[in-house]
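Here come two complexes built around subunit A, the first alongside subunit B, the second alongside subunit C.
Moving on, here comes the complex of A and B:
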C-alpha cells in the first residue's frame, strides 16, 4: 500500500501557490512547537472572497502537501469557508493520511481558522519563518 | 577475475555497513580504494536518476566516470544542507515520495526544521551501519541506559533522539528523563541509584544536559561512583555546551569527579540528520568517520576547493549509503579532518567539529532550485503536444 495518497504526492511534488503574496491584507501563521511543522498563509481578501493566496510551509512532506492543497481549496472562496474546515475534512481532501501524518490535517485546519479569524479581527500574524528560500 | 583481483577485492558497501570495525582497520590504501569505488557508484546512481543533481553535474561538466581516484572526489557536486529546510526540497529527491519511509528532522537555528527523507534502502543501511558502529566502538550488550533526552514516542522524528534510541536495544533497562521539555536531575539520580548493584549504568544525552546533571551534583556536593564499565555517550547540543563555557577537558574532569567515569569512557559523537554519517569517538577521543563516508574540508571562501588534511574549513560529507537523495552535502559546520594513525587501531579519517559557520547561506549549487524548477516549467509549457 502506498505510504502517501496520490493527492499528497501530487501536491508535494507540484506545490501550488508557493511563496508569500505581495500586497497581502491578511496573514496567518501556525507552528507546531513539538514537531516543528510550520505553515504561513498570506492572502488578499476582497469583498469577503479569497482573491489570492500563497503558502510557505516547513516540515514533513505531508505538511507541505496539505498547505498547498489548502490554498487550492480556499482560493476564490469566501474567507469564512476557512473557518469551517476541520481536520477530518482536510484529511478527507488529501485522500487519506497515515497515523503518523494526521497531525498535519490539524495543523492545516488551525491555520485556516486563523486566517478567517485574523481577517475578521483585522490582524495579521508576524512572519516568523526565516529561511533561505 | 584474475588472481590479483581475488587477493585484494575492493571493499563492498554492504561489507562497510555490516562490519565497520573491520573496514576501519584496513590499511589506508585499501580504505581509499574502497571509498572512491562506493562513492563513484553512489554518484552514478543519482546521476542517472535525479534530474536536479544531474543539472548540477552537467553545469560542472562532471560524470561518474570522471571519479577515478581520491583526487577526483571534490568534483562531486555538493548540496548545501540549508536546502533541506526549503519548502521545495522535493527536487532533491532521487526516490519517489512513496518510497520515503522515514522523515527525520532537526530544528535549525532559525527555528525552521531541516527535514531529511529516507527511503527503505537508505533507512536499512543507516540502521545497520549505526548499530554496527555502536557495537564496534562501545561493545555494549547489557546494562542500564539513563537517557537524558525525550523518548522517541514524544519526539518521533527528531534525529538526535532516534540515534540515541538505537542504543536501547543493547540495554536490559532504560529510562528517558526528559518529558515535556523538562529535565529533573533528581529523578535521573534516583534511577541511577535504583540500578546500583544490579546493572552497569550508562548515561546518554546531549552534552548540555549531562553538564546540567553535573552542575546539580556539584551544587548538592554529591558524588556518584558509577560502575567500572559505565559510559557517558553524547551527541549534539554543543552550542549550549560551549555557551556555558566549559571545555572538553573540564567536562571530562567533572564526569570523573561526580560520576566516577574516566575520560576514555566518555564518548562524543558527531553527525547531522541529512547524512548517514555518525562519527563516533574512540577511547582516544578521535571521531572516526564511518567507512561509507568521506569528509572533505572545503575552503570557506571557495567551497569548490578541498583543503589539505589538517586544515580548518567547511565540513563536506560524501555519503555512499543514501539512495533517497544525493548524500553529497556541504554542511554549515567548520572543522578539520585527520588521517594520521589512531592508537585505537582504526584507519581512515577522523573529524573534528569546531563551530558553526557564521554568515549568509551558501549558494554553491551551479543550478539553483528556483532556476531548475523555472526551466522545467518553461520546458513543460513549450512542449509540443503529442499527436492524438
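Moving on, here comes the complex of A and C:
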C-alpha cells in the first residue's frame, strides 16, 4: 500500500504557489515544535477575497503537500473560508493521510485559521519561515 | 495474502546498503534448492543429497570469508551472527567489551544487554571523518578486555574502519576481535581479516534475506544462542535453512568473482565519482565521510531540506534512496552515527544515503543525479532557503 495518497504525492512533487508574495497584506506562520514542520502563508486579500496566495514550508513531505493544497483551496475564495477549515476537512481534501501523517492536517488548519484571524485583526507581520538548517 | 507485483524494470534502486537485489545466481540456486527437500542430517539418499549441497555451499561461503569449512557457522542473518559473537563470547564470563558509537544497532543493543548483565562496556566515539581512531581503541584496552567489536565499514556513511590496526592492537592486549563485515562482504576483500569472529549477511551482497554467517576462527569456541540438535557443529542448532544457504553460497561465489575483477572495481569508483561530482553542482552539499570509504555508499547532506522529504520526492519518481540506516528509517530521531561524528542534528536530518551495486549503470546514476539536483532546488525554493556556491 502506498504511503501517500496520489493527491499528496502530486502536491509534494509539484508544489503550487511557492514563495512569498510581494505586496502581501496578510501573513500567517505556524510551526510544530515537536516535528519541526513549518508553514508560512503570504496573501493578498482584496474585498475579503484571497486574490493571491503563496506558501513556504519546511518539513516532511505531507506537510509540504498540505501547504500547497491549502493555497489551491483558498485562492480566489473568501478569506473567511480559511477560518472554517478543520483538520478533518483538510485530510479529506488530501485523499487520506496515514496515522503518522495526520498531524500535518492540524498544522494546515492552524495556519489557515491564523490567516483568517490575522486578516480580521489586521496583523500582517507574522515571522517569516526560518528553516532549520 | 496478495503479493505486490515486482518492481518496475525502470526502477532505479540506490539502496543496496539496506538490501541488494537477489543476484541471478542466487535466484537460480534457491529455485534449484526447492527440489532438495531432504534433511541434511538424514542418512538416506535424500538427506545426503542435501548434505552434499550444504557442504558445497559452505565451501563457497568459506571462500568469501577466507576460512575453512569448519569455521563457517550459518545463522539467521547478520544480526544473529553478531549476537552469537558477542553474547557467545560473554555467555560464561564477565569482563570488558570495547566497541564504537557508530556500530549497527545489532552490536550496540547487544552491548547494552551485556552491560545489564554486568559486562563492562566502553563505547568509543568516531572522529569527524567517520573513522575510529585506533589509538582511542588502544587507550580503552584493559587487562580484562575480552572482546573488541568494530565494524569493517559503516552502514550509513560507508567509512572504512582501520580494522586491521585495531585487530593487531587488541590481539597484542590479549583481547578477541569481532568484525561486523555486513557492509563490506562482496564490496571489499574480507578473506584476509585477522579477526577471530567475522559476521556477514547474505542479503547485502545479492543473497536472500534471513541467512548470514559467522566466521569463527579456530581454535575459538562460543557458547551457542540456540541449543538443539547439534547442527553447525553444535554452535547453532536447528535444521539448516537450505534455501537461504544455497542462495547465500551462490551470491558469495558471485561476490568473490566480482572482488577479483579489477575492472569492476574501477567501474564502481567511477560511478561514485560521477555521483558525487553530479551532486556537487548544488551549493550547500556535504559528504558525511572522508576516505577511505566503500565506493558504493554515499552519505550526503543538502542544506535547507529534509532528507526524508527528498527521499519521498525521489521515490515518487521511481528512485529508491534512504535517509540512513534502513533499520531506523521512519524514526524521527537523527542518525546516531552522524551525531556521534559531531554532525549537527539539522545536518543529520538533511541527509540521504545513496548506495549502489553491481547492477547500477551510469545511466542510473545520471538520472538519479538530475532528479536529486532538481528536487533539492525545488525543496529549497519551497522552504525559502537561499544557498549559493557549489561545495
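FYI, the second predicted complex is superposed on the first by the 128 of 133 C-alpha atoms of A that agree within 3 Å, B and C clash if a C-alpha of one lies under 4 Å from a C-alpha of the other, contacts with A are read in each partner's own complex, and residues count from 1 in each chain.
Simple rule for what comes next: a contact is a pair of C-beta atoms (placed from the backbone, for glycine too) under 8 Å apart; a residue touches a chain by one contact, two chains touch by 3 or more.
This structure is a prediction, so every number in the text was calculated from the model and none was measured.
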{"item": "Contacts of A:58 with subunit B and subunit C, given as first, second, both or neither", "value": "both"}
{"item": "Touched partner set for A:13, first subunit B, second subunit C, both or neither", "value": "both"}
{"item": "Which superposed partner A:4 touches (first subunit B, second subunit C, both, neither)", "value": "both"}
{"item": "Contacts of A:46 with subunit B and subunit C, given as first, second, both or neither", "value": "neither"}
{"item": "Residues on subunit A lying within both footprints (that of subunit B and that of subunit C)", "value": "3-4, 9, 12-13, 15, 18, 35, 56-61, 64, 128-129, 131-133"}
{"item": "Residues of subunit A that touch subunit B when the two form their complex", "value": "2-4, 8-9, 12-13, 15, 18, 31, 34-38, 56-61, 64, 100, 128-133"}
{"item": "For the subunit B and subunit A complex, residues of the former touching the latter", "value": "82, 85-88, 90, 96-101, 103, 105, 107, 110-113, 115, 117, 154-157, 361"}
{"item": "Of subunit A, residues touching subunit C in the complex", "value": "3-4, 9, 12-13, 15, 18-20, 35, 40, 55-61, 64, 128-129, 131-133"}
{"item": "Residues on subunit C engaged by subunit A in the complex (per definition of touch)", "value": "303-306, 308-309, 312-313, 316-317, 332, 344, 346-347, 349-350, 378-379, 381-385"}
